[in-house]
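Have a look at the structure below before the remarks.
Letters A, B and C name the chains as they come in the text, with residue numbers starting at 1 for each one.
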Amino acid sequence: MTPAFLSIRSLRQTYGSVVAVDDVSLEIPEGEFLTFLGPSGSGKSTTLYALAGFNEPTSGDILLRGASILSTPSHKRNIGMVFQRYTLFPHLNVRENVAFPLRVRGRPAAEIAAQVDRMLALVRLDGYGDRMPGHLSGGQQQRVALARALAYDPPVLLMDEPLSALDKKLREEIQIEIRRIHRETGVTILYVTHDQEEALRLSDRIAVFNHGRIEQVGSGRDLYHDPATRFVASFIGDSSFLDTAETKVAGERGRVVFPDGTVVADLPVHRSAGAASSGPAAGQVMVRPQSLRLDVKGQGLPVRVLDVTFLGDSSTVQFQTAWGQELWMRASAEAIAGVSPEATFHVNWNPAESHLFL
Amino acid sequence: MLLSYNRLGGLGLALWAITILVCLFLLVPIIFIAALSFGSSQWLVFPPPAWTLRWYRDLAADPRWLDAALTSAKVGVLSAALAVALGLMASFALVRGRFPGRNLLKALFLTPMVLPVIVFAVAIYALFLRIGLNGTLVGFVLAHTVLAFPFAVIPIVNSLEGFDKSIEDAAVLCGASPLRAKLKITLPAIRIGLFSAAIFAFLISWDEVVVAIFMASPDLQTLPVRIWGALRQDLTPVIAAASTILVAFTLLVMAAAALLRRRISK
Amino acid sequence: MATDVSSPGWRWRGLGPAIPALALLALFFVIPVVSLLLRSVLEPQFGLQNYAELFATSTYARVFYNTFVVASLVTAVSLLLGYPVAWLLAIMPQRWANLVLAVILVSMWTNLLARTYAWMVLLQRTGVINTTLMKLGLISEPLALVKNLTGVTIGMTYIMLPFIILPLYASIRALDPTTLQAAALCGAGRWQAFRRVLLPLSAPGAAAGGLMVFVMSLGYFVTPALLGGTSHMMLAEMIAQLVQSLLNWGLGSAAAFLLLSVTLALYAVQIRFFGGMR
């Protein structure tokens, strides 16, 4: 097998007795936009810093085009990075900031000037060259940082929550810019975020981090429709989890009896690492809010309405099952016309759209 | 009420009266000395019977005063340079280091500021007597560097704490070696702190009397030592002239520093 | 490439650049001060005889007493004069406050000797203060204002005032004016509001500033030596004389040690109760 463009192999990072990154492996093809998604402290940033060379992994290896980069110091790795905070050099203007990596590399002045112009055009800041960082908005500063990180054509661009300091509207604007720049330059991007929407919007693939491990790697679609673990299911998209009284598994399909006696069959089964492969373990059923439908014929799971919330494009209804668990439904306002608190209904869903976790 | 300026009433008047008196108390002696240095009276009669530059001429005619001023300048510049250089390195350790006893180290670095100067003066005098550094330029510079060190460390630590290390990291990833990133990016970014440190350190040395009295030899004296020596003999107006120059110089340095700082921070 | 977390290199990470400064302070600050203190129990021979002599001799006891009296007086006068200034400074319009602050800073950064010289001239028998008072007919004989307690107190207060005004100013500025409005609404008159609200709230600032001035005054050398008389010698001058003129290093070191311990003890009190010094 030919080695991938970039591979992370069994990376492990410990601080004293704390395990920050635990056996992380990834193969990343050239030109991919890969996002590390996870809650804070899940090891995603630590992995990124290992790539940047800011911390030395306890064990494991990182290979770029087949060669280990771990013994190369940060400044010789030729990797680009955009940080969470604005890291423009405060005493240099925009041009000088973008030119800095080129100056360090001793490129001729004419080449630097041309490349800086190209980069400022790429991030749509032509004409801002003489501004000082202090006179730029947060969004503009991050675009200059992006231009600076790309100026020396790095094979890999690292982005550590670069948009977390910006407000929502600006964030969406720059997300579109980042996608465009990725398309135009074809640079391999490793992007860290804790915002699932941002991850889904930007990435080719997403690696979901939890407790220092990667729970699943795949496209946004894969993660949403076919989550490997309970954590991924709950982290990507909205979901409700229901306990079961009885679970029967046959092959890849399961049949459950809920505590109130309702039976649902034909559920796709996901086994978590620790679960026994057979036996009547009580699993949990995960349902997406938009999979739920009201069943007028009185079939399905009997529930009581707790609350109805109007959210503009859609409405959500909060139900409670007979045994006290909560369940969410998202639907158009018309579909739930007449639903009001304390009313009782039956809800139903296509079993193939839900998941049984063991 | 008591903390609302416009509603103090008669109390405000009383506070203003005391404030003005205190301001006069603080300012008048300085102005008074400056005035006397241009007065013709040998016995410092005020108001002076006539105005003269005689005392300044006396001052300029005596090479010992000029020598002392030169020594002061030399010691000040060297101590400030040394204090800022050591203070800069120490600040990196204090701000970025993660080692046991970091707070203790910080306390040690600030101790020369709070220890009674007389104790340090006597102690360093004893040491320098033994190793033959008394009355030497090196001795002056070393002793003043110790005294100026806390005043250099404080502004540098403050500005380094306000500097986001990610900016330096960004420079390193851009391809600058860690040392180059510090020189090209971090130092310019904290230049106001460095500048304040240099000014403070210089002024501490420039105005320092106690250690200098112990350290001085007849051949090597700083300006304050010269003034001290003269003061112990009589109150000649030449001292007024020397004091005025000293004060004017300090004010000049402070004003220049304020101006420069404003220009730098733009 | 793995890092051994338990290695000493990791534990002392980042200490390196402090080493030159550490060396300077060790060689030219810690070692000389400690060896000076050791001399107090080693010279002329091992024992506490120096301390015994310091406390037993009335001349030295008198110096301790003087030092304490002057430091207390200076602290009290500085607080009385400085409190109203700091108070007004904290609430007055900014441009006036800047002006007053400028006066204070200029005074603070003016050479100590120049300022002391000014008071020597102003306070001497034929100085402006005496001649003016005599011209006004308030006194017939010149007052002895210098070479005594009055001179030292005036000169030291002059030096110390900024050190009390600035921290007090900062602490009064940090108070919330609405607490005093609340006091007024509760029915407190001006005096009540001052005594029961403003004074207690600003007391920590006043105490911190006062303690600092007291400590600084205890070890002050230049001003007392020039403005005080021989009968009003203070501790710092005594230490200087003991080692420089009398070459009695044992006794001088013992006195220095006493000064040092009182100073450090008072600073410890300050850090403990007022959270550090600024």
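Going forward, a contact is a pair of C-beta atoms (placed from the backbone, for glycine too) under 8 Å apart; a residue touches a chain by one contact, two chains touch by 3 or more.
Quantities reported herein were computed from a predicted structural model and do not represent experimental measurements.
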### Query
If you average the C-alpha positions per chain, which one ends up nearest the average over all of them?
B
### Query
Which chains are joined by the largest number of contacting C-beta pairs?
B-C
### Query
Hey, how far is the Cα centre of subunit A from the one of subunit B, in Å?
55
### Task
Could you put a whole-Å number on the gap between the CA centroids of subunit B and subunit C?
18
### Message
I'd like to verify one number: the distance from the centre of subunit A to the centre of subunit C, where each centre is the average of its C-alpha atoms, in whole angstrom.
### Response
60
### Task
Please set out, as single numbers or ranges, the residues of subunit C touching at least two other chains.
none
### Message
Help me check something: in the complex, which residues belonging to subunit A touch subunit B?
### Response
52, 54, 73-81, 83-85, 87-91, 100-101, 104-105, 145, 148-149, 152
### Query
Taking the complex as given, what residues does subunit B use to touch subunit C?
1-5, 8, 11-12, 14-16, 18-19, 22-23, 25-27, 29-30, 32-33, 36, 43-46, 86-87, 89-90, 92-94, 96-100, 105, 108-109, 111-112, 114-127, 142-143, 145-146, 149, 153, 203, 207, 209-210, 213-214, 224, 227-228, 231, 235, 239-240, 243-244, 246-247, 250-251, 254
## Note on the structure
The residues of subunit C that touch subunit B in their complex are 11-18, 20-22, 24-25, 28-33, 35-36, 39, 81-82, 84-85, 87-93, 100, 103-107, 109-122, 124, 126-128, 131, 158, 161-162, 165, 172, 175, 177, 180-181, 183-184, 190, 193-194, 197-198, 215, 218-219, 221-222, 226, 235-236, 239-240, 243-244, 249, 252-253, 256, 259-260, 263, 267, 277
### Query
Residues of subunit B touching subunit A in their complex?
164, 166-167, 169-178, 180-181, 184-185, 188-189, 191
